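Paired with subunit B in one complex and with subunit C in the other, subunit A is shared by the two complexes that follow.
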Partner chain A sequence: MNMSRTTSTLRIQEIVAGYTPGHPVLRGVNLVAKPGHITVVLGPNGAGKSTLLRSIAGFLRPSSGSIVLGETEISALPPHRHIERGIALLPQGRSTFPELTVTENIELGGWTMRSDRKRLRRAVEAMFERYSHLRELRNKPTGALSGGQQRAVEIARLIVSDPTVLLIDEPSVGLSPIVASQVYRELQALKAEGRAILLVDQDVRAAINVADYVYVLNSGRNDIEGDSSAFHGDLGAMVRRWLGV
Partner chain B sequence: MLSLFFLPSTRESASGRIYRRAPWLLALSVLALYGVLGRQLFLLSTLGTVFLYIALTQAWNILGGYGGYLNFGMVTFFGVGAYTSAVLFQYWEISPFLTAPFAGITSAALALLIGIPTLRIRGAYFALITLIITFAVQILVLDMPFTQGALGIYLQPLSLTPLGVERLFYYLFLACAALVTLLVYAIEHSNFGWALVAIREDEDAAEIIGIRTVEVKWIANCLAGFVAGVVGGLYAQRILYIEPTGTFAFDISLNVVLMAVIGGAGTWQGPLIGAPLVLLVADALRVTFTSEVNRAIFSVIVILIALFIPGGIMGLWTRWGRGRAEKAAAGGTQGARADEQSVQ
Partner chain C sequence: MLEHLAAIAADGILLGLIYAIAGLGLSLVLGIMGIVNVAHSAFIMLGSFFAFELFERLGIDPIISFFLALPVFFVLGTVVYRMLLTRLERVAQAQGLVAMFGLMVLIENLGTIVWTTDTRVITASYTNSSVVVGGLFIAKVKLIAGILALALTAIFWAFLRFTLVGRAIRAMSQNRDAAMSAGIDVRRLSTMMFGLGIACAGAAGVALAMIFPFSPNTQVQWLAWAFLVVILGGLGNVANTLVAGLIVGLLQTLCAAFLPFDYVYLVLYVLLAAVLVLRREGLTLAVRRAI
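Our next item is the complex of A and B:
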């Protein structure tokens, strides 16, 4: 793994985006995700957390505002161009290619390296060294793996092309607590490699535990933000506020 | 972008490829020999039709099998190809043998035109739209003066004996089937094939990893359109008379989908198994049961296959192979454990 990767800060400025014209889900969100940091976005259901990630990943074009990586505006880029810029998305739920084997899934993660087979093979091999438990499963279709194993394949596929910005959407959904804690540990390892991680999560406690900086969205707008230490206090009060009770 | 289409993938070893190709190459040789030795018109004609359907099913397989986009309008490209050749003959007396590539280009252009708006739509909507487009094009051909509407277009018979004609089309369609199979084989073992499979498995995930999903689908649709157009152009010369109802018959589209699904969609071998199986079983039932009961029996067979052999015959074969490999691996592990224990 390249430890001296050049990383850029991701800046979201006043973005407005939604699925139906005239009914934005995001109504002017501001956010910064720095290299070597885990930036967490929290909020109640419907706050626009996943919409935010889909907008950054190019699936949803903002009607206004800007998404800047380093010095480059990327809000108009289609999703397939983001990986070229070093931005990778781990979507919510299962996203492996179920009929393909573990190796094929990870190889496909290196799509941008397809013209350099040797480099791709080295990168895939590096993933099997990093996640050694996947090695013995390499010829199995991912659809036949457990939830935790599939998550590991997804993470290997996510980072095989060595992206610098990781957009992670609800990484622990459907996983047992033990496997979920492994996933969060892995996120910390990826952060230590200098990557910028933007994590959207419903598991408030787990997310705050790994976060460096926290943003709370409410009704498509920035609500509160601060260092993660500021959120370690009364989480129950925050959740009650979301629920309006 | 170009590297997308020419780099072979590494899914299979070279020795594995030779081992798997051998029976098919043998079958191709036997069929090529039969074209010279065979004298039964009925059999030559039936096999010619089988080859025609193999070519069409392989073409469908590119986007439908590998990409997972169910196109129920394959006959649109086939029919437009047939009409392109027929119209060029009608007004300029150019032989369909010469205009077949142009028929392919016309159908490919139509595939692109249809694909640009429709291939952004996913799932059942795409299938439905392809079905509707077939009926729309059929009505258009019925109404346009230069296609001569329901009267249809006659083509000039070839100055050959009946056996000569059957042999000619036997070889032409055999060549089409072999070439298109080769194309599909190349696609399956290329990055373009990977891209299509990724689209089939999870289109959003495919886009995230950097695949230009929309462009890949457009190209796949154009390739399918080109092949169907060429085959349609040659078909016009074979049948010598084309009219909208028969040329754009939904049965052709349905047969193509059934052949791919029963043989094994998303594999280059699937259409080679599915096309003869569906045609020969349907013919055998038609001869055995002269009433419409044969259609009901055929439908029951299709339903049973769909229920009990998901993935078609190639899917069954793959699962059997995978099961054997897993058993062998488990046996190997147990053997290794026994060895370790014996050492301890």
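Our next item is the complex of A and C:
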């Protein structure tokens, strides 16, 4: 793994995006995700958190606003071109290819390296070094693995091409507390490698514990933001405000 | 009696191999891409006439035409995908089905204009000869067509299982968004997959033309055969499609041997209805993503 990777800041400026014309989910969101930082996006259901990640990842083209990585505007790029720019998305829910083996899943994460098979093989082996418990499972279909093992495969597939910006959507959903805490520890390790991590999470406390900076969205707009230390206080009050009670 | 049964079984297996490739392209396109390509049989018909024209005009043997059909129909498939299918991505499945039905009618009618409704046959040097295999007399043409079909099925299976592109196609069918996130250009792979499906149809058309008489109207009958194989075998699974093809081939030859000819279709369509009623997914539980 390249510890001295060159990373760029991801800047989201006034983006408006949605699934139905005339009914935007995001209504002018601003956000910055810096290298070596975990930037967390919180908010009630329907605030637009996942929509924000899908817009950045190219699945949803913003109707206005800009998404800039370093100096490059990327809002018009199709999803499959983002990984070439070093942006990788871990979508919400299970995202393995269940009928393919662990090795095949990880290998496909390095699709952009396919013209250099030796490099691809080395990168896959590096993932088995990093997540050694996957080595003995390498020839098993991922659909036969436990939830935690599948998440490890997803993370290995996510980083096998050594992306610099990671978009992570609800990483602990469906996992036991022990496995979830391992996932958050891994996010901190990935941050320590200099990657910019943009994390969307419903588990407010866990997310704030790993966050460097926190944005709260509400109804598709920026609500409050600040260093994570500012959010360690009365989380209950914030959640009650979201729920309107 | 035993020898007679063995001969029927051999005949059925060879026919089944050809039915398997007739259904394979349809199964993969439907299973992986979710496209109900009712025009599949029209491309099978074009494959038959492709072999016929090459044989009649240039004297090219259907065995060579089988291999020539693969690149020609692959390109044809990619053109159809780019010109028609990309425009149907965002419409309801029923509209897509109507569009593909329209394409089928268009190809059949163009075929009728060009070749009329006359029934054609290809009579190669080996068409009316037979070989003895294990004491059984087997029509040489069926043996050749069956071997070609088996080879093509094996190539498809190996391509999807052992190549990175094949695995990317399987990944695309299992989780399209995750495949895109990994950097896989799903539109490009879909174009390739549709092209491969049509290449398979073209090759199947050549193999069928080596054995059966054909005309532009025959394609409707082949569509029913192809769907029967797909429904029996489940979607998008090469091995299951092969097994389903063999079942259909064996049933056809067994029925033809012991029942009046008209009953063959009755038995097969009752079987089709029974499968649909009893087990919607086909003989396996392999639905869409399992390839």
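Note that the second predicted complex is superposed on the first by the 245 of 245 C-alpha atoms of A that agree within 3 Å, B and C clash if a C-alpha of one lies under 4 Å from a C-alpha of the other, contacts with A are read in each partner's own complex, and residues count from 1 in each chain.
The criterion applied here is as follows: a contact is a pair of C-beta atoms (placed from the backbone, for glycine too) under 8 Å apart; a residue touches a chain by one contact, two chains touch by 3 or more.
Quick caveat, the model's predicted, so the values are computed rather than measured.
Novice: Is this a clash or a fit when subunit B and subunit C both end up on subunit A?
Specialist: clash
Novice: Does subunit B (first) or subunit C (second) touch A:225, or do both, or does neither?
Specialist: Touch partners of A:225: none, neither subunit B nor subunit C.
Novice: Regarding the shared-chain residue A:115, is it in contact with subunit B (first), subunit C (second), both, or neither?
Specialist: first
Novice: For A:201, select first, second, both or neither according to whether it touches subunit B, subunit C, the two together, or no partner.
Specialist: neither
Novice: Does the superposition put A:169 against subunit B (first), subunit C (second), both, or neither?
Specialist: neither
Novice: Which subunit A residues come up in both lists, the one for subunit B and the one for subunit C?
Specialist: Comparing the two interfaces on subunit A, one with subunit B and one with subunit C, the shared residues are 57, 59, 78-84, 88-89, 91, 95-100, 104, 107-109, 111-112, 114, 157, 161.
Novice: Given the complex with subunit B, which residues does subunit A contribute to the contact?
Specialist: Contact set of subunit A toward subunit B: 57, 59, 78-84, 88-89, 91, 95-100, 104, 107-109, 111-112, 114-115, 117, 157, 161.
Novice: Where on subunit A does subunit C make contact in their complex?
Specialist: Contact set of subunit A toward subunit C: 57, 59, 78-84, 88-91, 95-100, 104-105, 107-109, 111-112, 114, 157, 161.
Novice: Spell out the part of subunit C that touches subunit A in their complex, as residue ranges.
Specialist: On the subunit C side, the touching residues are 164, 167-168, 170-171, 174-175, 177-186, 289-291.
Novice: Per the contact definition, I'd like the list of subunit B residues that touch subunit A in the complex.
Specialist: 3-4, 7, 10-11, 191, 194-195, 197-198, 201-202, 204-213
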